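First, the structure itself, so that you have it in front of you.
Chain naming follows the written order as A, B and C, and within any one chain the residues start at number 1.
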Amino acid sequence: MIGYYFRLALASFRRTPGLTALMVLAVAIGIGVCVMTLTIYHAMSGNPIWWKSDQLYAVTLDNWDPNEPSDKERPSLPPDQLTYRDAEMIWSSDIPKHSVIMFRSGGILSGQNEQAGFDPVQVLTRVTTTDFFSMFEVPFAFGNAWAASADRGPEPIMVLSHETNAKLFGGQNSVGRTIRWNDREFRIVGVLAPWQPQPKFYDLNNGSFDEPEEVYIPWKWGETLRVDTYGNSSCWKPDPINSFEEFMRSECVWIQAWVELPDSSARERMQSMLDAYTDNERKAGRFPRPRNNRLTDVGQWLKDQRVVQSDNRVLVGLAFAFLAVCLINTIGLLLAKFLNGAALSGVRRALGASRRDIFTQHMVEVSAIAVGGAVLGLAFGALGLAGIRALYSITAVGAASANAGYRGLAHMDLSSYVTAVVLAIVATLIAGLYPAWRIGRLAPAVYLKNQ
Amino acid sequence: MNIPFRPIVTALLRNRTGALLVAVQIAIALAVLVNAVYIVKQRVDHVGRPTGMDIANMFVVSAAGFAKNFDYPTMLSEDIAYLRNLPGVISASPINSVPLSNGGSSAFTTLKALDPTNRLRVNYFESDAQALDTLGVKLVRGRNFREDEVLPPPKVLFESYNGPIIISKEYAERLFPGGDALGKTVYEPYGAPVTIIGIFDHMIGSWVTDDQPTDIMFLARRPAGPTARYLVRTQPGQRDVVMSKVEAELGARNRSRAINYVRTMEYYKARSYLSDRNMAIYLTTVTTLLLAITSLGIFGLATFNVSTRTKQVGTRRAVGARRLDIITYFLVENWLVTTVGVFVGCIMALGVGQWLSLEYQLPRVDLYYLVGGTLALWFIGLGAAWQPARRASRISPALATRTV
Amino acid sequence: MLEMHNISKIFRADLIETHALRDFSLTVNAGEFVAVTGPSGSGKTTFLNVAGLLEGFDTGKYQLDGSDVSRLSDDERSRLRNEKIGFIFQGFNLIPDLNIYDNVDVPLRYRRMKAHERDERIKSALDLVGLGSRTKHMPSQLSGGQQQRAAIARALAGDPKFLLADEPTGNLDSLMARQVLDLLEQINEMGTTIIMVTHDIELARRAQRNVHVVDGQISDFKSYETRATEGFAAAAAP
């Protein structure tokens, strides 16, 4: 019977090819715009470490100016980074299962590969403790992370990103080789597999969707080599800072700190420890503001740091409004189409078709349009995403754009495809319910008369 | 012309569904149109702000030394000398951060030394006496730095500064509202006094999205290393030629330092405004598509109305309606539906506008946009219904006497 | 008042030519009640369309109420239909979405009359046809006979020079048909010219004069009554 209805649907399409094409097109465009916008929104509001995100916590302490909060727009939040001394205190605590303190910097890589010496190149460098790799489950292609003792040494060892290894060594296993960073020898102990969490939740300071750093070196190198931060550093106290040592001792915040707390008791203990610490420091004159020490899990962190911006929310609203118009349009066109062919349905009813038969017949027609619209809509969505990628590429001499990440976002993954298809078909079917019901309800006699 | 409004309305009310569907589409389309145009205009205005700099003819070089005990100050002076001597170059200066690059340094000044309150935030740049020339910024009062006033690079990132400063007009107004800032002394964060020796016209600083992107202060001090950024300004039309020369030659002049990049200022400007530009493009595209779909709906309804009433049209013509009367009938019917949609749409537009003003912290939509949007949709409705109405007018009056 | 001289109309469809009217001439004087009869396909509907200015014609001359209407523009024909002709259709052709009052109103709107004058005419027309108490009814709420009477009111409201009726009782039962005919006779007695097209001989007999159309041409001018009498007379004569 469905097959029979399908043939009737095809005949009906042939009768009004223009109108049918318009309907499919309207549905497809609506779906395309929706899919495109939702894919990007989904990627942006995504939690790249969702399976673990309620065990990972950003540590923030409010060491800021007693006269004003660090963020005037959100006065209840403490500054989003820590001072050097506070970060090292957290690192020394044994309450968290893992903890990482780190900051972003840069250096010049020079040296040789198999062929020749490669041109010195500046690389973004993350100065970090080793737990970074285990906490954030960073995948390795060759070698592995350094031991905890290397952070204290510090040992002259380094981990390369997948892209850096590809650029310098053609993607081969470079573990064991030496390379010069700011003209000092480091030995490569690990090479990462391709890894680009979107957003870069652990350090949102210089671009939430930027690519991760290109090389990683152990923590104490920052202090030893007096490595300047390339990230944000903010200071409120007017005490002069005339040396790197004074910078490390100051109230300037420039270090990111994350801890892994597997359960609520660990969390409570961590919180108590932080509060006791700041209370103690307050006696020495630090932490002049009311106590505001926070452990923020990844999900809340992304919200607090406002990764998803107003623009994205507006676009999602627009996409849904657009889809609504497309579907209402479809309802109207379907109504017109069905009512125009009412005489034929009247004849069928006279010959014995029940209301349900007529309804089903027309819903099959709607389904055909739904599938057609969904398929075409996916094509439009893919086209739209390609357009977005084009909009976000800037040709520049040499460097990557700050929004390079957007290009990565604008790719549909399997779950998006499935969601899109389901959305398209369900939406169109709903749109078709009313017209199909209307046509089934008509008294056949009305449309049989030659009036 | 005696337009039978009441009969048209009663007839319309008896066939509500189609008309309602179209009215809803029109309402949504108006709400979207009004607000989209508003947002796009905001973005266009935002991007169109004058930068105050000679962007088209400027480029940036970034270089970093990497050897132990690398002689950064020497590299700085040698590179700047080389750049300034290139043919086609007007001026070159080292600078701590690049304007419009979304990265930079900010501090504050106070009217009293070490005042914990009343701190006025400012985006500052450390450069030499040629900085204003290199940027193309106009000094309007006072004087530029002298060569002997320019301090060497500091040893640490946050070294205190005690010397002359040149500030923007806007910052001068903020420090001394209504008064004269020239010659006055203010205090930098560490309490050292700084004297305002010059005031310049207008310039956008490091962050285009800042609330006050034009509050800018120049210090007469070469910026700290180890990474150097050189701004170069060329004669009109010479930029690309000079850039190629620099890319080819500069690296070789000093092998113990790496050239990270050579980029145009246009790159930074485009990058800063990328999301605004894309938002505007996206909004325009989707809104246009939306209006197209809506006119499709109007067209569909009008065609349907005509096709179900051919007998009626024939009868009207038989009893004396002219072609124009028939066109008028259908256009008026269509106009009534559009107007209902527009009315609801205006309310929706205001609601959406309210939500947007909360999202973006921008003032609410101007009523002009509502009026414009209404006219646009009336016009679109008319355009879409025109062809079906004309087709209706061509229905022969002889249709009335046909019995099939 | 209506003079058609040598009218011919040809329908062309691909390679087929149909001569719907050939050399058709007819004169109707003011106050007459004329029935135009003929078998189906004879051209009487075409005659109706041409007489009612619903269609043009190819050759010949047509004078309506003293003026030549042969070469008029569409707008001028519309105006004439509106002011001089009242149509009554077989299928009533009332607008289903409007009530009776608004239906009768339709031609008056195209006359650009003031509301006050329209209202008077509508009410008096509906009273004349006996529907004065049903002005707010929709067509679907009335019987066939009542609908046709409403249509007659519509035709009369504009004070036309003549009524053009196309099979006015074709969709009615015999009782209603008689009522409608009575009404038409009454209107004719009041001075309105009526041209009625029908294939029903009984119906035609009620008119003063019969015109028989066969193959697009008039075949006989005499009324059936006269012919019948003549026939009897001929039969009676030895």
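Here is the rule we use: a contact is a pair of C-beta atoms (placed from the backbone, for glycine too) under 8 Å apart; a residue touches a chain by one contact, two chains touch by 3 or more.
Note that the structure is a prediction, hence the values are computed from the model and not measured.
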The chain pair joined by the most C-beta contacts is A-B
Return the chain whose centre of C-alpha atoms lies at maximal distance from the corresponding centre of chain A.
C
If you average all the Cα positions, which chain's own average lands nearest?
B
For chain A and chain B, what's the span in angstrom between their mean Cα positions?
25
What is the distance in Å between the mean C-alpha positions of chain A and chain C?
77
Where the centres are mean C-alpha positions, what is the separation of chain B from chain C, in Å?
71
Can you tell me which residues of chain B touch two or more of the remaining chains?
311, 403
Among chain A residues, those touching two or more other chains are 451
Of all residues in chain C, the ones touching two or more other chains
91
As the complex stands, chain C meets chain B at residues 45, 48-49, 52, 54-55, 74-75, 78-79, 81-83, 87, 89-91, 93, 95, 97-99, 102, 105-107, 109-113, 154-155, 158, 166
Contact footprint of chain A on chain B as seen in their complex:
17-18, 21-22, 24-25, 28-29, 31-32, 36, 39, 62, 64-68, 70, 102-103, 114, 116-117, 155-160, 189-191, 226-227, 243, 247, 251, 256-258, 260-264, 267, 270-271, 274-275, 277-279, 281-283, 286, 289-290, 293-294, 296-297, 300-301, 303-304, 307-308, 311, 352, 356, 359-360, 403-404
In the complex formed with chain C, which residues of chain B make contact?
1-2, 4, 6-7, 10-11, 14-15, 311-312, 314-325, 396-398, 400-401, 403
Could you pull out which chain A residues touch chain B in their complex?
19, 22, 26, 29-30, 33, 65-68, 106-108, 110, 119-122, 180-184, 206, 228, 233, 235, 238-244, 246-247, 252, 310-311, 313-315, 317-319, 321-322, 324-326, 328-329, 331-333, 335-336, 339-340, 388, 391-392, 394, 396-399, 401-403, 438, 450-451
